[in-house]
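There are structures below to look over.
In what follows, subunit A forms one complex with subunit B and a second complex with subunit C.
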Partner chain A sequence: MTLKFVIKRLVFLVLVIWAASTIVFFIPRLSSRNALRERFGELARTGGFSPGDMEKIIASMQQQFGLDRPLLEQYWQYLHNIVRLDFGYSLYRYPSTVSDLIAQSLPWTIGLLLVSTILSFLIGNLLGGISAWPRAPKWMRAVATPFILLTGVPPVIMAILLIFFIGFKLKWLPLGGAYSVGQVPNLSWGFALDMLRHQILPALSLIFGSVGGWVLSMRGMGITIQGEDYVNFAEHKGLTGGRIFRDYYMRNALLPQVTGFALALGTVVTSAIIVEGLFGLPGIGTMLNLAIRSNDFPTIYGIVLFITITVAVLMTIVEFLYPLLDPRVRQS
Partner chain B sequence: MNVTLVQGVVQPRVPIHSVGAMAAEPILRVRNLEVTYYTDSGRAKALDNVSFTLKAGEKLGMVGESGSGKSTLALAMMRMIKPPGRIEGGQVIVGDTDLMSLDQEGMRKARLSRIAYIPQGAMNSLNPVMKIGAQMMDAVKSHLPDEARPAIEARCKRALQSVDLDASVFKMFAHELSGGMKQRVCIAIGILLDPDVIIADEPTSALDVVTQRQVMETIDNVQKAINAAVILIGHDMGLMAQFVDRVAVMYAGRLVEMSTVREMFTDPKHPYSRALISSLPSLDNKGVFQGIPGLAPSLLRLPSGCAFHPRCASVMPTCSTIRPEAQILPGGRSVTCHLYDGEALHEGRT
Partner chain C sequence: MSAIALPPSTQASIERPGSLVLLLRYLRRNKGLAIGLLILLALVAFTVIGLLTVNTKNAYPLSVALKKPPSWKYPFGTDFFGRDLLAAMVVGMWQTAFIGVLAGGLGTFIGVVLGFISAYFGGWIDGTIRTICQVLAPIPVLLIQVVIAGSLDKRDVTIVTMAMIVVLLAWMGPTLVIRAQVLTMKERQFVSVAKLSGVSDLGIIFKEILPCLLPFIAAAFVAQVFVAVFAAFYLAVLGLGPLREPLLGNIIWAAQSQGAIFNGWWWWPIIPSVGMILILGSLALINMGLDELANPRVRRTE
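Presenting the complex of A and B:
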């Protein structure tokens, strides 16, 4: 039963990745724009070689990239490469491969986004849970309210406000960048601390923007769960308030939130592009931004496909976690 | 605390005739209990001056229409009335402790260990994400923090055994059990700490007839084993008749009559009790069932005098002006009705 579920999910995952990669493969080929021509046209404008040679260069490049071969053969080769996570070469930063670029920028994105998404999930759900818990002290229940208000502020504005007041006016934290200018990345405590200081504002702008959402949905769940018979019966059993809160109330209210977490992972990418851009962090978002601006098509498609695969895999993992959290799902 | 629950140990049942006689000190004394709900459209007095006593091992059936205050009484005794409801006054004395005078922590400790509640909606009363065993163990642990894990586990398994459940239920989840089994688990949890008083709030309402009987027998057996006083709340007079010693009838938040089962069924005193009894189907009486005319009154706008007078078959002029008080009739029954004002036993005529 469970094995069947796992296999079904995995097959589904492969299908999602296949569909995404197929779309990513065919869309640029439907376009009338030629990535190579764009790139070399740009180079030609800035000078460096005569426009007459351009067609020759493009022809030889097309041959090298295999773009002159039949579409189906290209597609087959492409799928073959995807399996090995080979997204081809970057046009802009040739001869770096797209995989190289992703590998360079990924740690920054994971460090910032994954950590702040998990943090805001934990903070938001705890605050939301408390705000709907009738036995919590009034001041504790009120803590959640400002976060609900902050949900209305777009992350861009939040980031700019934070940069302006905390970074520029108060000068408590650096304005942007991944680490201080002049620092050379190394494995010392000093550098780690410097790097962490640079991550605080971007993390805050992400957390402030998303905690309120968790608070709201968790509060809704909490209000439903606190009226459940098993929460009442737990009190009849004479359990301590803390235990009822943790094992009977939060544990059940969190179940749908876990699904929400999987969905939130998908939107993380959007935040990445905005926040990394504003703070000048060398993450995936910045890389994607740069690639779009420089017509670096292979990098754009590589990153988009990579993000799709990552989100699909993370969602599958969450789905595998769900039966562990809810015994009722294990059977069906 | 350490009375072992052994199936089949039959404690001497309190004989029906001795009820009312001063045989033993009552284990439960409820005095002048009052609960009011403060709603937007006014105050609703859900419990009005309710008093009664129960001895150890005695079983009391609590009947009445929906909204008559049966469940409110149960919740008030557990001190689980939630806002906008409030316990306005009265005492609930178990042994020699008045539950109403305990602080929050004291009351928490008293729940389950002195006075246990078996819930109405047993279908949803178990946490869906915790194993049955864990839900039993945390109950024991919160009262006996020093008891070792194996001892707690043994105690829980004994409780499961005493309600005729297999020990394997310990490792199961609620959704793997049938309705009757879930209700049994709730009963097992109720008797974990050998409470003095057990309140079962419509324990059979969601079950089929066969299971109803089994569950009632289970309650009967376990309460005999630990000699607890039991309050059984329910609508089903027939089921009650087979299991309880005394029956209390509630109407609009008041206790209108309390008699032994036999007296209640053969010679009900209060006109409302009479109406209830005559609305029961029986084998001898194959005529048309008599319902009770009218509707249960809104607690927000109770009729003046006796709340039952607009529906009463034996209504008298005084009924609409003066509120009757509970009076003890010869033989120890209690009835709240003007028909019995004064002294002697009035032969009620309808």
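Presenting the complex of A and C:
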């Protein structure tokens, strides 16, 4: 891994973040909607204060948010804030900043994402590898087929189906929420178990919703690799089937899958967020749902930018790890 | 002469079979494509027959009895707002198809044009287009679409604007695919021959390269339709679609916000979900089948 490669990737990362921030900055300013006016109009309707004072309040708020300054100055200030991960204030829960809200809900999302992504990557690649491995017993290869059919079922729909069949019909698991109604969050085993039970369906919908894609791409990889010379060589050396499968076949087929993983990150995170919203877990997805419903624009934009930056950074990290996994890339 | 002529029966067997027969024969080998096309055909039939026979006014709120489970009168049941879900599904399918074809078609068109320009002319043009595509690629498109859809005035959100929002950020994929294909095509001998015999740039693009790329363009189109349907569905599930329209995602959003499954109105979110599975599943199967057609190397080795 040369220094030139590292610098190139870092410059690219900055470019991606800059592009996303710029889009998110200019699109709302092109639109005719005024977030402050809508929010205060809503408050005035529900009787917070007399509508006559509204214009004054809006003017003072605009000054406070810096919305009365020239556009380029605002843009510059905005980029400055993004670098410090400062996304401004939430309109709906005003004194809290968007970063505070994200920090509160982030642990839930990370937990769900980590478990489901790792499991679906492992299961999917193993099944895909087996399904293309000519020496595997027939029943083992057949296991992959139903998972391939699942590629047409996105995690969101999987979530609805699971809520209906497992939660509603069979009543095995709760329909939604982070913990049972009436429970107070505490550090007991009982509560932890209750919380875990509520995480199973969201995790399953994400796993089932994305495992098919891995099976499919790994199967394609496996088919190309089994004809390679080194696999033939290993066979003629008389190595056992398991050894060839593990060290010659899977190891090589997995490498491109890591790149695929980096590319899929954006979709994976987006799906997780929407599924979370469906189950009403207190993660980033539910916060985004709430923000959309209450026209809390700074929160929507903050969440979108935060996720974009995270995905871009993670992709860059995977790219840095890649040469460590594949000696061929390291040399060239 | 008559002595040389073949007997009529042999002549018939030598004749090339019609293109329909060839297609059917190919479909028998490419089962995924066949099943995908069959499901898609069934969905189209459902939509067309539905549009002709069902009263589409019932797809909108307050037209029928509320919260009725599936029965003879309402095969798909009715929802909390008094929509007949059968009518809603018919209209929703039609709108989904409209968004998919419009956004998918436009995205593919932009992709083909940019891909050709990029690969054929090369140099700084290629560099610019490629860099833009690569910079935009890692950005989670759906979230940017959330920002765009959220910034629109609710009255401006229609089926057509949904399609436009989807297109805005969905042309990079086809651009890169077509660019790669044109790059390999450009080096082939038949293109060099055409160039040496004085065919113009446009002539080479339209007469030599484009016909060879048709299977790839078809595959890119189906992939784009899939992406467009998927994106529009996600936006609608988040409540960013045209809320009055019975788009499948909107129905699910409405069901979700009324706690439909909690209240036991299971048919309300389940029926549009099944519809969406059929749409996305058939498109995925067709896409894989076309990949196999365009790219014989992917063909089954078993």
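Keep in mind that, in the parts below, the second predicted complex is superposed on the first by the 325 of 332 C-alpha atoms of A that agree within 3 Å, B and C clash if a C-alpha of one lies under 4 Å from a C-alpha of the other, contacts with A are read in each partner's own complex, and residues count from 1 in each chain.
Here is the rule we use: a contact is a pair of C-beta atoms (placed from the backbone, for glycine too) under 8 Å apart; a residue touches a chain by one contact, two chains touch by 3 or more.
Note that this is a predicted model, so its numbers are computed, not measured.
Colleague: Since both structures carry subunit A, what do subunit B and subunit C do when superposed there: clash or fit?
Modeller: Once both complexes are aligned on subunit A, subunit B and subunit C fit side by side.
Colleague: Between subunit B and subunit C, which one contacts more residues of subunit A in the superposed model?
Modeller: Higher number of touched subunit A residues: C.
Colleague: In the superposed arrangement, does A:A203 touch subunit B (first), subunit C (second), both or neither?
Modeller: neither
Colleague: With both complexes overlaid on chain A, does A:F168 touch subunit B (first), subunit C (second), both or neither?
Modeller: Touch partner of A:F168: subunit C, not subunit B.
Colleague: Check the residue A:G266 against both partner chains and state whether it touches subunit B (first), subunit C (second), both, or neither.
Modeller: In the superposition, A:G266 touches subunit C alone.
Colleague: Counting only touches as set out at the top, which of subunit B and subunit C does A:M221 meet: first, second, both, neither?
Modeller: So A:M221 meets neither subunit B nor subunit C here.
Colleague: Please work out whether A:L239 is in contact with subunit B alone, subunit C alone, both, or neither, and reply first, second, both or neither.
Modeller: So A:L239 only meets subunit B here.
Colleague: Does the superposition put A:I300 against subunit B (first), subunit C (second), both, or neither?
Modeller: second
Colleague: A:V24 in the overlay: touching subunit B, subunit C, both, or neither? Say first, second, both or neither.
Modeller: second
Colleague: With the superposition applied, I'd like the minimum CA-CA separation between subunit B and subunit C in Å.
Modeller: 10
Colleague: If you lay the two complexes on top of each other, which residues of subunit A touch subunit B in one and subunit C in the other?
Modeller: none
Colleague: Would you pull the subunit C residues touching subunit A in the complex into a rising list?
Modeller: 134-144, 146-148, 150-153, 230, 233-234, 237-240, 252, 256, 261-262, 264, 266, 269-270, 273, 276-277, 280-285, 288, 298, 301
Colleague: Quick one: which bits of subunit B touch subunit A in the complex? Just the residue numbers, please.
Modeller: 78, 80, 82, 108-113, 116-117, 119, 121, 123-130, 138-139, 142-143, 173, 175, 186, 189
Colleague: Write out the stretch or stretches of subunit A touching subunit B in their complex.
Modeller: Residue positions touching the partner: 134, 228-230, 232-240, 243, 247-248, 251-252, 255, 325-328, 331.
Colleague: Going by the contact rule set out above, which residues of subunit A touch subunit C in the complex?
Modeller: 12, 15-16, 19-20, 23-24, 27-28, 30-33, 149, 151-154, 156-157, 160-161, 163-164, 167-168, 175-176, 216, 220, 223, 227, 263, 266-267, 269-270, 274, 277-278, 288-289, 292-293, 297, 300-301, 303-304, 307-308, 311-312, 315
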